[in-house]
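Next come two complexes built around chain A: one with chain B, the other with chain C.
Our next item is the complex of A and B:
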């Protein structure tokens, strides 16, 4: 054993030396911009030929946002979208995990298939769904017409409610497998004996799921949910490519709005205020995330 | 559990269909002629079958360049993440650094931050130093954004490696860097693979930063190239999906080969914290 404070101090110093390069990069390129973006949100910003010019304007960018119906809608849309898609993913993902857990033949093949949407470039999946949803030659209309479910072709991305639902469906398709894999891992951590004992006691599959498995994977599930909700707050690629935020502004998320304000209107001050509100949302959720994580660590579940 | 089999099989079939059908449609479309792509009702198989879309995407539509840019940027970022991340992961796993838990927590929070929260300062910074439309303009942010998760994965992996050999090396008088390179790294390959697959996937698919920082053709990556492909009124879906299939293949192969690493990484990332 290494004793003596001298050696401990020396080892700590060596540790810092190993960490310093990585931490420097992370602080400089992620943490500094997060903080700087908040500072930017209190300024009027003008781009000059090579640099930029700041002028302190206090809360005026935020007042602008508060008065904007577009911003309020984007905020609402992003939160509602996150809640609904994550809930749908959780239900479908859990079902998928239960199927995978019981499946014997073709299990690893199915698991591999599930990894494909997860690893797909979101821009590509957006284009893919754009073609499927197309109101003239889309395959979804063709299928529904031939099954006599609809009588005339539906322009899926042409109406606000439908466009929102279609975007959500495409999102669930891509991210449900992530939840399924996490829940499956949680299920596999439950000792086989626990399940077998419940069978011996005469419990049915559903009872076992509700009374035995679900309570045991609750913490895994809540972490998956929080993680996914945080990701969903940053929603950008899918609506940007699939609907362009439309029709009108129906699918305009905070990130899409922020991008438009910053890089199309070149209003960096108000854009930074939009970005800072994402930071606030994420920090609040991160607190919840950590609180749950602490609870889990204390229960000895980690 | 035996009586569930029929239900489970039907469920598995539906699940496979749900996941595979859209992908199948993209694959089929990539082999169709332009007139077949816009045909109603659509044909379930590509008839006549053509490789034309693949040739066009690569010879006329700059896709070759986007592909090369993506490879250069994703590979460089992944290497940088592995080099920097393994050092930090090792320090957090083995050395009595003060504030270790605080650092780990901060990394966890940073790793879930949406890009929109940082994109404007990054853009201004890159503009200031003249790195808009350059490789380093994306490699540096990609490295920084993927480090936190990689550090977590690697630290967890280092914790699972027994300490004995390091202690022997230390007694023999080897310096920490040498111990790390010759004893720890060789034992950590599975952890390194997991971190590499995750970083590569994340950088290969990233869109918002690539769109804002590298916006002109010579430096565009695949996602930007594909998104702006379809900016015209009529989308050339055949070409688009041919290009898409080509860019899916490397990542799909990587993920399928290392699927155990991916699954364990996903699980570690969220189950173990």
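Our next item is the complex of A and C:
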């Protein structure tokens, strides 16, 4: 008995020893910065010649955020943006995956083509969308004008709703393939026999998708959604390049605001508070999304 | 001013300022080449106040964003090294985006990094960087006389609470670019007032000579603050009181300035897209021959002269218009770049030597004559050979300057409040009155430490 406990302890100790290098890295690059920035968010920070000078101010940085119209708007914008784009990507991505799955020939070619937007660096694709949306020489205006759909050039990034919609469109264009690939992988994992059996039982295509395929790819889809929500909340490069947060502050995401406060204003306390509150929000949103989505998928299965 | 500069030279030559001039005076006296270097070393060795590493070859790191024309920085470095055999300069290229550069520099320096030793930074940084301990108080090390070499107003712009934190390197300002050929065709003179510019633009557009009248920078970014400052100054409005402690923006004059900016769009003089325009967008439209007038910086001149551009030989440049002809020229916002020293540098003396040289007449002449940058050295700015270089340099002395309210470390917040609200007014989301009211409210919250 005693010998057994001793060996368990020994084994645990060896385990920790093996884990130590990885743990050190995790603590150094993940845990420490998070804890440090949470600590920062409770302080007034003055940069001096000798580095940061901290002064504990409790919740005052958070009170500053709550009182700020900019912060509230950025929060709302980011949440609405994340919900709409992730939903759109999920629906379009799933459709694309279903089509790809049915293709007999040219699938890999199409797949590569589909992945092109995803593989582009956002800063570059954002610049490209900038040219497309340009209100004077824009490709989009040129096409719509020649088709007589519009009579005068539209300044796509010049009006709040339009700018938000244009940004969302560029985002969906870029990230939909990611969802499509994940969903396709999920679909491919479903044994052919299952689908064949459903046909034999007289199920239509719609029923097969809704009652057989969808419940079976549920976990893959939740994974895709989770990844996308985390990314959508970090929305930075697209509005940063495309609109600079404008017009006014219409496309100022929480990350763009955080950047502004932290690195333009060098206002580190409030900046850290923006970051910390974003982290909290992302965690909550990710959990809510997963919970709602699982519920929906289970309902479909029943 | 020239007299002031002469004094500096005299002091340097007589070695009156001691330690600081050892390196530069030494090299200046003995000329260049390895032999000179050996002798210079020998001379300096016994000195008790020998700068750290003064006898050896020292390399300093200079962080700088690319300057308009390629090769500018490297040419300057080569010229500096040629006259300073003991010093080598390593160029660290920064982003062309001011904010990215600020992020990089502030992160590095606040982390205690000893490099870069010298960095090129925006003219709107001194207060913020001084306040945050990111820049050396240069007035502590460089004599009073040194600062007289700069064009009026520039040193004040580089100061925070009476101390100078940066040496003006090259300057820029807003200029009115216009199409000589179009004005000639329509028999119009160059507009001196905004009203005249608007009506000329309308005339040219009505005659189908050009698509747009006037292009400028209206996107939600720092550039809009510059354009706005010009309109505000022209209409007699200010953002802060002279002490920089109180907002005085909310006034009928400020509202009329923003109303005029908006009217340029509603009257079809400026494209609606101007509310998304940064400098390159305005330049593209103008260089494609689609605009009669443009507000842009010095570098827009060389761009419009690039062979293959549709407007080569058709472009003229003048100081900005004003709201009343009696008040012309109108105001031009000061832009440009300064040289700062990293407080953690291990080569302070060498960094100062570098700054002295970069702002000296020979260096500034290279900048102006070879690369068409506007020199900050006042004597060079006025030299006739420099003024002949291009039309921008010819008129720069006539330009009436206005600075952004960057004397407070909170300037970035102030500027955001200005450009975000005014941009919203330009797109018609909010009325000019609302934009000014909101900007004022946000700025006063910022000043009180209640802003985000």
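A few notes on this one:
Definition applied: the second predicted complex is superposed on the first by the 262 of 302 C-alpha atoms of A that agree within 3 Å, B and C clash if a C-alpha of one lies under 4 Å from a C-alpha of the other, contacts with A are read in each partner's own complex, and residues count from 1 in each chain.
Here, contacts are C-beta pairs under 8 Å (C-beta built on N, C-alpha and C of every residue); 3 or more make two chains touch, one makes a residue touch a chain.
Model, not experiment: these values are computed from the prediction.
Annotation: superposed three-chain arrangement on chain A; chain B versus chain C shows a clash.
When the two complexes are overlaid on their common chain A, residue A:191 makes contact with neither chain B nor chain C. Shared-chain residue A:270: touches chain C; no touch with chain B.
Contacts of A:120 after superposition: chain B is touched, whereas chain C is not reached. Annotation for chain A, partner touching more residues between chain B and chain C: B. Contact with both chain B and chain C is seen for A:136 once the two complexes are overlaid on the shared chain. Of the two partner chains placed around the shared chain by superposition, chain C is the only one that A:246 touches, whereas chain B remains out of contact.
With chain A as the common frame, the single stretch of chain B that clashes into chain C is 128-136; none of the other options in 128-136, 164-172, 200-208 or 254-262 do.
Overlaid on A, the two complexes show chain B and chain C touching the same residues of chain A, namely 47, 50-52, 136-137, 263.
By the touch criterion given at the top, residues 1, 4-5, 8-9, 11-12, 15-16, 18-20, 22-23, 25-26, 29, 37-42, 84-85, 87-88, 90-92, 94-98, 103, 105-110, 112-125, 127-128, 130, 140-141, 143-145, 147-148, 151, 176, 180, 201, 204-205, 207-208, 212, 222-224, 226-227, 229-230, 235, 237, 240-241, 244, 247-248, 251-252, 255-256, 259, 262-263, 266-267, 269-273 of chain B touch chain A in their complex.
On the side of chain C, the complex with chain A involves touching residues 99, 102-103, 106-107, 110-112, 128, 131-134, 212, 219-221, 271-273, 275-276, 281, 284-285, 288, 290, 343-344, 410, 412-413, 416, 420-421, 423-424, 426-430, 450-452. Of all residues in chain A, those touching chain C in their complex are 46-52, 64-65, 67-68, 70-71, 134-137, 153, 155, 157-160, 243-250, 257, 260-261, 263-267, 270.
Residues 8, 11-12, 14-19, 21-23, 25-26, 28-34, 36-37, 40, 47, 50-52, 95-96, 99-100, 102-103, 106, 110-132, 136-137, 139, 142, 145-146, 173, 177-178, 181-182, 185-186, 189, 199, 205, 220, 223-224, 227, 230-231, 233-234, 236-237, 240-241, 254-255, 258-259, 262-263, 268, 271-272, 274-276, 278-279, 282-283, 286, 289-290, 293, 296-297, 302 of chain A are the ones touching chain B in the complex.
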